[in-house]
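The following blocks contain the structures, represented as structure tokens.
Note that subunit A is present in both complexes that follow, paired respectively with subunit B and with subunit C.
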Partner chain A sequence: MNKINKEKFTALSFFLSPMLLMVVLFYLIPLIMTVYISFTQMRNWNVERYLKDFVGLYNYERLFYMFQHDPTFKAVLLTTIVFVGITLIINVFGGLALALATFFISEKPASSFRLLWLLPRMSPIAVYSLVWYYFFHGSEIGTLNSILMKLGVISQPIPWGQTVPWGAWSIIIFVNGLVGVSFGMIVFTSALNQIPRELVIAARVDGASAWEISRKILIPLTKWHFLYVLTWQFLSLLTTYPHLFLLVQWDLVNRDYGTTLALYVFNTAFGRGEQDQGLAAAAAVILSIIGVIGGFVTLKVLQFEKMMKRPRGDF
Partner chain B sequence: MKAKAVWLVAILLLGVIASGCIGGEKETGTQTAGKVQLTGDFTKDVVAIGKVLEQNGISEVKFSAWGSGDPNSVMRVYGIVEAARRINKIWADNGIKVKIVITDTHYVASFQDAYKEYLSKQPLGQAGDFFVNSYAFLPTLADEGYILDITDYANAYKSVIDDFYPSLIEASKYKGRLYGLPQDTEARPLYVRKDVAAKIGLDVNTLPEKVKSGEFTWSDVYYWAKKAKESGAAEWGLIHRKGSAHPDLIQFIFAFGGKLYDPNTGKLVVDVPAVYKWLYVEWKFAQDGLLPKDIMSWDWAKQIHPTIVEGKTLFDIGGTWYWTEWQTKQYYHGRGLKPEEVKEWFAYTLFPAGEKGDKPVTLSQPFIWMINSKAGAQNPKYDELKDVYHMLAFLMIIKASDPDINAIHSVISAHLPVRKEAAKLIKDEKWLNDLKNLNLDLDPTVKDNIKNIVQATVNPINAQFLADVSYMLEYTHLAPAHPKYPALADIFKEAVDKVLRGEMTPEDAVNYIIQKVNADPELKENVEIQGEIPKNWKFPQ
Partner chain C sequence: MKDVETRPSRYEWVIILAILFASLPLILGFSLLVLSSFSKEMVTNLDLKSFHFTLENWINVFQGKLATTGGIKTNILKVTFHTLVVALGVSGVVTFISALAGYSLSRIDFKGRKHMMILLLILHAFPGVALIVGVYLLYRLTFPQSPDLIRLYSFFYVILARAALEIPMSVWLMKGFFDTIPWEFEWSGIIDGASRIKVWWKIMLPLIKPGILAVALFAFLAGWQDIIYVRTFLIDQTLATFIEANIEAEYTHMPLIAAAGTLYLLPTIIFFLTAQQILLQGYSGGIKG
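Showing the complex of A and B:
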């Protein structure tokens, strides 16, 4: 290694080491540990006893067997697909729609409007979930049922979350979508604010409507942000579970059709009764593989590599 | 070379001295701990332990107590606080300058959540030194080495152990070893609203006897529930728990003569005929509108209890602790019931037999004082004095089981006493009066924390209730203490929910249970499916 390279290496190491350390500590080691635990008999948090209890592919075989024979497991996989798919669409397109809507109004009301959409994200998960628990409760104590009954729309309360599969799915998608949509809104708002105002003004002068400006100018210029939000939200939704956990725990939504693979992993590892961390780790590894494949496909389809090209200009 | 040799010798010498020091200290500790032998004389043992601690320079012993359950059962942790005070008094009286300090009384409503928290924190050494929870979790905790095997200590305290009801001591064992002491137990009566019963002509005075003799079965419960509903006397015929099927609903299996465990094989059992009959009863009640189809997702505080205390149902499957919970929680139009109201409005019987020829039942879920296998770890010289700390912890649960502490818990929480001496005490009017006025020798913290509950619950009516339901223990069953039982109970709950909602017929639900058991290789290995769905079985008969 010549002197210049050595200096470059030292400088790079200095600047990158905190990040590398973080990645190793919080990503790499947990990943390796999860894979390792999936090959052990680990349960009930008993690290001392089971950490060296290597059982090979036993947990994966058990998982596969359950996938073949357990009706609940099939519901879990189906719920994962529907939940991630639909909530992703809501989060990405909803975020974009909100950002575009606030783009065309003056800053003050736009900020207040955006703040409103951030409220669910700012509320503690338990409080936020409790609000929807009482709102969608399947008896007359549920706000929605109570309103509809008072209006004479229904005569009997509707067990929203227990109507399978779409009742349960609708609630978990609605509750999570309401939280997730603000993320896309912020990213898209920021992106829209970066677009030179002259383009919009010129289009306005030429008589373009808000819709035409959005379609022809704004959306094409936020393509990379779109890609980022889509990938990020996909991976995030695949692993999200806290709201779902509470809604299922409180019996608001049907357990089979309110449980995604991420929640299944959590319940298997830390749920009631026997806590089977080995089996949960195997399911988590599969979840990670799905995440990696899904993320890769998204990036490939939307041609991520083009964004990574060096921009033209002086360097 | 010479210098090197000198250095080597010096290092060796240093190593020998260092290891000598470390080893020497350990040996002294072991010897000191070894001096204490439990004799069964409580004061003598406490004094001996106090002296060892004092000799080792320990002036304060820290312990924490974790408990869970209904709001009135706080003695599950304050019993430990009181035990500490009583031991401290013995030490003070004997001039021993050591004190037990309870650092944390962690009490939560859900016993399942408390168990989860204990599981995750025990390996980190952050779980409570004392843990009061259902015996159902004891096998797993014992199996994982998370709780202390107290068999050898208990041998010295045979006289105390013998005062506990034997079945409860059995519930505190796993593979023949004792892992805790019973803290309380209960029965699960069938409550009957007297006012609703009067409207439809159901004689509640003779009912307990009829149930006892097996004359009044679940077919009769159905008949009267239907009558109550159809006559407009009540909105519902029957109300029962939500959530887990364990333990209230599991009673149906025993009521239909079924079983849950095979002692010969050590496996859990899905007794198909009994489970089918149970699910059929649930299905029939729900289909005929006598039991809410969505009861498994009802809200405890806003729906289940208010429906019962406001007289909107004829029957309710509940627990003895409901009796005082209704008095201390605001379930009745925003207030608690008065003892006189509970007595006036509710009759109670055993859980009736499933059908003629079967026997009535009840089910108990004893709570157990368990000691963390790392108890005392937050104290100095833990490694050397581990045995001493463990012995002290054992003596604390012996003290926390004092008849008066156990009796206080029973009266204020409507759980049944676990010791014969405590059972005698709750019948003593003078003692009850002293408790009512808190004129008892108790720690001020304990008094403060139970003051309101005592005000609301201590009276002859509640004591009489406990005395009246005590006979139910003769009919009691325990769900199996098996590590896989919670998983099976969870599947039963799913099946009950599905038949209640009409998503499955009872037959489909039985097949669902079998399918779920067989889908998990580990569960399949631990569960036997016995018998077949009975043909031409009818309900009501």
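Showing the complex of A and C:
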């Protein structure tokens, strides 16, 4: 027995230690460091000077003060709420719509469309941003402006991204929405493919339309996936920012109304001009707390634990 | 099998047209970028009069001539090489670590296994932005003194740090691939007295080659497309930071940036054409956004 235990231990440390090392090095230690920085006055990455400059809850008080009085920070929070809310709806329902639509057409165009909608997610972020930079550009070279001018809808080019708040919001929601839709699309597509064909065929024989089949059979049977996409996308939208970064950096969208809290953290820590890592870290800690609570709620709601069965092959 | 009974063919073209209409901005945006890379001026205003076919941009990209006049140069091959190093590095690290961890989570029953899997899910949901401040402090504290080493170290660090972001989901993906292999395969090996490590290497790895390929592909794309980590940690330029910097530079000839963007898009297009099945099936895994 003892020998087996020892063997198992050797094997386990061989298989798991690289992963654990990475988790400790790039999740655990950085997390502790972020919390620590949030209690210091760290700025401009002047580690020598500020690393031991402990200021207690000062950064959190500043955040609270900004929350009450700073119009820029208020704009960032409002943008975060609007952005997460609307993009979430677009991602979930857009994904569902695409999955259903491709469910009802022949396999060949269906998989071409699915592939096409993966393009935003697969293309390098810099190229993807470049595409929308030109599409929404505020002058005549912007594709959207030139289409509308050719159609005679507008006579002057409109600086979409600088029209606050809705112009800027529309762009960031549109750009990130396209990335998120593919996630919902793939999850819902695999869910739809698991539904027994007989149900659909029987309904079809009884004369049900595609719309009725979707509403009465397909959607109710994908409830779990719906919740999964909803909560998972909520967490992702709250915390990811790379797709917004360049749009703001290139002044395509207004700085205040194109910045979500996650991007605010990044720009405050690494952006141009005054870098204030203490403040950024404090905001990051608050985001993490929301993220971790959200993560646990997701696990509970979706009962992921039931998916984790004991391995069959072990003895 | 897609059977005729599940769908009426008379509505099919309506649905196809509807999706096509919804996809229009996507198709338009990407095609205009590629088209502009072969033109003397940007054709983003949909005016085909501004399209004059030329290969000049591509020649200039490879020669690194950024401005139409003046002598500003960048060695784009070197920049591409840097991007490739990061992408291959991330791909290698992620594949190796998740092939190891995925096996043990799939096949070995041990105390804390369930907790480890939950932890990985939570880590995947964990805000990357909360980490990057701490990850950068760790980077600063472990900086080597010698200036030559710093450049090398920045590659090493960016690869590991970026790979760490992909690991939670890749381990889950890899575990899923191991789960599909019937355990009789390794059982015979274990009964013959082989160790788990030997079984993993000799029997399991050859069986899950498709899984390894999928995980490696996704990790490659993740490293290839990254901008935040390379921008924050890497001292040398990659294609992402090259494009980032040149949009704002006034001397830049824009169709040349379109060509650089298209060059940057190439691996994606290649994977699009060659690995469609892997992409469609596996992409539900390691993704966010």
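What we mean here is this: the second predicted complex is superposed on the first by the 250 of 315 C-alpha atoms of A that agree within 3 Å, B and C clash if a C-alpha of one lies under 4 Å from a C-alpha of the other, contacts with A are read in each partner's own complex, and residues count from 1 in each chain.
By definition in this document, a contact is a pair of C-beta atoms (placed from the backbone, for glycine too) under 8 Å apart; a residue touches a chain by one contact, two chains touch by 3 or more.
These numbers come from a predicted model, not from an experiment.
**Student:** Contacts for A:T72 in the overlay, against subunit B (first) and subunit C (second): which applies, first, second, both or neither?
**Tutor:** first
**Student:** Give one of first, second, both or neither to describe whether A:V292 is in contact with subunit B, with subunit C, with both, or with none.
**Tutor:** So A:V292 only meets subunit C here.
**Student:** Count the residues of subunit A touched by subunit B and by subunit C, then name the partner with the higher count.
**Tutor:** The partner that reaches more residues of subunit A in the superposed model: C.
**Student:** If you stack the two complexes on chain A, which partner ends up touching A:I141: first (subunit B), second (subunit C), both, or neither?
**Tutor:** The answer is both, since A:I141 touches subunit B and subunit C.
**Student:** For A:Q303, is the partner it touches subunit B (first), subunit C (second), both, or none of the two (neither)?
**Tutor:** A:Q303: touches no partner chain.
**Student:** Could you say whether A:F26 touches subunit B, subunit C, both of them, or neither, answering first, second, both or neither?
**Tutor:** second
**Student:** Touching A:Q275 in the superposition: subunit B (first), subunit C (second), both, neither?
**Tutor:** So A:Q275 only meets subunit B here.
**Student:** Can you list the residues of subunit A that touch subunit B in one structure and subunit C in the other?
**Tutor:** In subunit A, residues 45, 47, 137, 141, 270 are touched by subunit B and also by subunit C.
**Student:** Which stretch or stretches of subunit C touch subunit A in the complex?
**Tutor:** Against subunit A, subunit C makes touches at 2-3, 5-8, 11-12, 15-16, 18-19, 23, 25-30, 32-33, 36, 42, 44-47, 96-98, 100-101, 103-104, 106-110, 113-114, 116-119, 121-123, 125-138, 140-141, 160-161, 163-165, 167, 171, 183, 186-187, 195-197, 200, 221, 224-228, 231-232, 239-241, 243-244, 247-248, 257-258, 261-262, 264-265, 268, 271-272, 276, 279-280, 283-284, 287-289.
**Student:** In their shared complex, at which residues does subunit B touch subunit A?
**Tutor:** Going by the criterion above, the answer is residues 112, 115-116, 119-120, 122-123, 140, 144-146, 242-243, 294, 296-299, 302-303, 483-484, 486-487, 489-490, 494, 501, 503, 512, 515-516, 518-522.
**Student:** Write out the stretch or stretches of subunit A touching subunit C in their complex.
**Tutor:** Residue list for subunit A touching subunit C: 7-8, 11-12, 14-16, 18-19, 22-23, 25-27, 29-34, 37, 45, 47, 98, 101-107, 109, 111, 113-127, 130-135, 137, 140-143, 145-147, 150, 176, 178-180, 182-183, 186-187, 190, 197, 200-201, 204-205, 210, 232, 235-243, 245-246, 249-250, 262-263, 265-266, 269-270, 277, 280-281, 284-285, 287-288, 291-292, 294-296, 298-299, 304-305, 308, 310-314.
**Student:** Can you list the subunit A residues touching subunit B in their complex?
**Tutor:** Subunit A residues touching subunit B: 44-49, 62, 65-66, 69-73, 137-139, 141, 159, 161-162, 164, 251-252, 255, 270-275.
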